[in-house]
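Right after this note come the structures.
After this come two complexes, each holding chain A, first together with chain B and then together with chain C.
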Partner chain A sequence: MDGYIYNWNVVWDSLPELQQGLIITLQISIVGMALAIIFGLTFAMGRMSNYGYVKKFSTGVVNFARSIPLFVLLFWIYYGLSLKFAINLTAFQAGAIALGITGGAYMAEVFRGGIEAIDLGQREAALAIGLSSSKAFTLVVLPQAIRIIVPQGVNVYVGLLKGATIVSVIGVADMIYVAQYISLNSFTPFEMYSAVGIAFISLTLSVAGLAYLLERRLNRSSANV
Partner chain B sequence: MSETLLKINNVTKVFGTHVVLKDIDLDIVKGEVVCIIGPSGSGKSTLLRCINFIAPPDQGEIIFEGKTWKRFHSRFNIFANRKYEGELPRLRSEIGMVFQHFNVFPHMTAVENVMLGLTKVRKEGRAKAREIAEQSLIQVGLGDKLNQYPEKLSGGQKQRVAIARALALNPKVMLFDEVTSSLDPELVSGILDEIRRLAKDGMTMVIVTHEMNFAFQVANRIVFMDEGRIVTMGTPDEIRNTTDPRARAFLSSILG
Partner chain C sequence: MSNSQPFFDFAPIWQSRVLLIEGFGIAMFSAVAGIILAIILGLIIALMRLSRFKILRGFAFIYTQLFRGVPLYVLILWIYFGLVYAVGIDIPRIPSGIIALALLNSGYLSETFRSGILAVSNGQREAGQALGLKGWQVARYIILPQAGRIVIPPTGNQFIDAIKDSAILSIIGVPELMKVAQEQANLFYRPFEFYTVAGLLYLVAVLIVSRGITALENRFAKYSRKSGSSENSVVTTATTDASH
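Here is the complex of A and B:
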């Protein structure tokens, strides 16, 4: 980096824009995670289905979704849908859906792992008192599985948060986009991306901290049914 | 004269290619206590689980209070399956079941464990449910543990919670599956006493057990199973003096 003149003032001057970017990053990762939870739970149930073809289909979808790079997924959803099917999504929508699909593939495994870790006897005891299959799941199995699912779900979320940096390629004005845009004009990429890095590290640490508190709470008391 | 409450008709159960129950027939009369004995792996647990369709029989049927229950499964008609699944809770809520490993719900206190069926199956209001649940726990001697989580309870206390959870729903028949087998020896007799108390109150019960002295004492009828079949059955005296070689071998191995 010979001859490179650091100019940290640019960072300070662009804090409002960076903050805007941060909010977009948070928003898109949260919407993406919400979708990931819905997809994940759906396909986890599919993989545990009694119907062979539902099981195979769900397993196939999960494996497929896991093997597509987020980058490619993003282009398919944003440009592909538009070109092939005239479905025009905003960059934000496309980004959130892509994150939802990638995250969903991981969440499916997290849900399945958490649910399968619960002793079968729990479900049987719930059925034996006359609960329907779905109530046995929502009132007895899931509340126990949640304790396993939450910490792993947080890992998936942190992954999505990092994945969210990719959405700038289709023009979502997230932090990376802001950093790129500003450093192009001010020739300070090192400073701008470092600022983004620091923001991400603090974000990830805060999420981990929140998760720790949540986990402690889950372990202390429990669902009041 | 005595009324058949539960009829197990020609029940067969297969896991993969393994025939675990073969053509089981057994009628249980109201108020009767039937003990099922037999070597490990002979299908005793599976038979109990067929009765309340936790493990639905592959062939044959269960007739409970005159209503016939048969397995149903369509490969493609999900709606028909759902309709059938939706009927089963009615059968199950009339049949209490207690398991070897207690299976109490660890995320609920003792009283919440018992309340769950009352609120969600019997549709009682919370106040009424709590009252019934507390009463039920007091009856099994847990009046001072109402708000404890299972992790704070001993094995014997957990099993009492499980018994109270079943009894609170006022079942017509109770199924016990080796409910003392995972208890420390000093806790066994307390649980057996609870079952004796139920017998005295006239509860219909099907009890899988290895506690032979208890079985001889409490049973009206003892059923000996081996390799998925009922080999012989009779009154405690008849079983004590059985001439069936397999039953004799089993009894001498367990009684010493």
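Here is the complex of A and C:
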């Protein structure tokens, strides 16, 4: 193996394909995140419900979804569920749903944590000045909770972005898929995977940096109130 | 699908039970070995980040950023396929997977350990020294029990993530649970049944481990001034990293 000649030109030559793959990665992670927000909000509400059964059921679903590996969920949905019930999901759809379920379980905790962090007195005060229960939530509790929810939500998104890399195993043509394909033809796995790794690290770091700035901004605006 | 076959058929699972249990064992072994290495590496990196030397601090900072940012999938491919070609280091499948799990988790754990050590107030160290304890005695009897209590829940979560992540090792052919499930699902053409059972086995492992961690937390709670059982189970104190 000695005398290996590094061939970084392969990376430069395949930049257009890698860029295509990156777009797919971003698309699937964004669709997954949208599903995660819907799923998460639903089950966060469920967990905070006054009805014992709704509460127990929601808690069970969240813990269940969090204990199953994303990888297993992906295979279960794409090969198991869609074949068994002839749903015919595309690989992209199956990937987005799996990301949505895993992300949703985390988002449920983020929503709940954010809402429960708001002092109960805020809600009581809103009710005392005559707001309805739903208005007290949307006008008083939620705007304050958002400050806590948004930065943590971005962190969940960073996780989904990293998790989205595994969708290539079911044939979604994302960045990893492109890198695998090219490295098989050119025998340059080291160069290709290094490039993809660097791309991902810069992507996740910049999104996380964005979350940090956002958090600071949101905290500043709260100090001015 | 022909009509002569039952819609759900879990009999093939029973036929493949030995293979599945072996795969489960390899998955657990990989996760345990990975997390033990990650704890050792994470502690070293945490101490480097708290060091007086700028070079060590800088290295440790880059290390944490690197391994917290890279997806496990890419890291595994890079170690198993990339390194062989470029550097000629031919690491077998299982060690490759364990190394990847260790590197990835050590990035997170080093941050956990650093904040755990920093969370123990300086007055505690000073009080220990004032009582005439030696440096290692302060570390052993004063700092460690208190920092340990703080880091147990996040370290436990990391272990759970490692168990879940171990399923990804199947992509390089590690014969762990998910790999076995894939092979058997193709053999019997029963993907739904096999992936359901695989998912349930991971679920059981995660639930057992989280119970264990809660028990450990409660044992350590005696070092806490507010003694008594901890209210938060591991699942509710989990990190927000949704990549597993």
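Couple of notes before you dig in:
What we mean here is this: the second predicted complex is superposed on the first by the 218 of 225 C-alpha atoms of A that agree within 3 Å, B and C clash if a C-alpha of one lies under 4 Å from a C-alpha of the other, contacts with A are read in each partner's own complex, and residues count from 1 in each chain.
Note that in this section contacts are C-beta pairs under 8 Å (C-beta built on N, C-alpha and C of every residue); 3 or more make two chains touch, one makes a residue touch a chain.
Please read all numbers here as calculations on a predicted model, not as lab measurements.
By the document's definition of touching, of the two partners only chain C reaches A:Val156; chain B does not.
In the overlay built on the shared chain, the residue A:Asp119 is in contact with chain B alone; chain C does not reach it.
Touching more residues of chain A than its counterpart among chain B and chain C is C.
With both structures placed on the common chain, the touch criterion links A:Pro143 to chain B but leaves chain C unconnected. Once chain A of one complex is fitted onto chain A of the other, the partner contacts of A:Leu131 are limited to chain B, with no touch recorded for chain C. Legend: residue contacts after superposition of the two complexes on their common chain; A:Met45 is shown touching neither chain B nor chain C. Of the two partner chains placed by the overlay, only chain C lies in contact with A:Leu73; chain B stays clear of it.
In the three-chain superposition model, chain A touches chain B and chain C at no common residue. The touching residues of chain A, counted against chain C in their complex, run 1-2, 4, 6, 36, 63-64, 66-73, 75-76, 79-81, 83-84, 102-103, 105-106, 109-110, 152, 155-156, 158-163, 165-166, 168-169, 176, 179-180, 183, 187-194, 196-197, 200-202, 204-205, 208. On the side of chain A, the complex with chain B involves touching residues 51, 119, 121-122, 124-133, 135, 139-140, 143-144, 222-225. Across the complex, chain C meets chain A through its residues 7, 65-66, 68-75, 77-78, 81-88, 90, 160, 163-168, 170-171, 178, 181-182, 185, 191-196, 198-199, 202-203, 206-207, 235-236, 238, 240-244.
Chain contact summary for the complex, chain B toward chain A: residues 49, 52, 54, 75, 78, 85-86, 88-90, 92-97, 99, 101, 103-108, 112, 116-117, 120-121, 149, 162, 165-166, 169.
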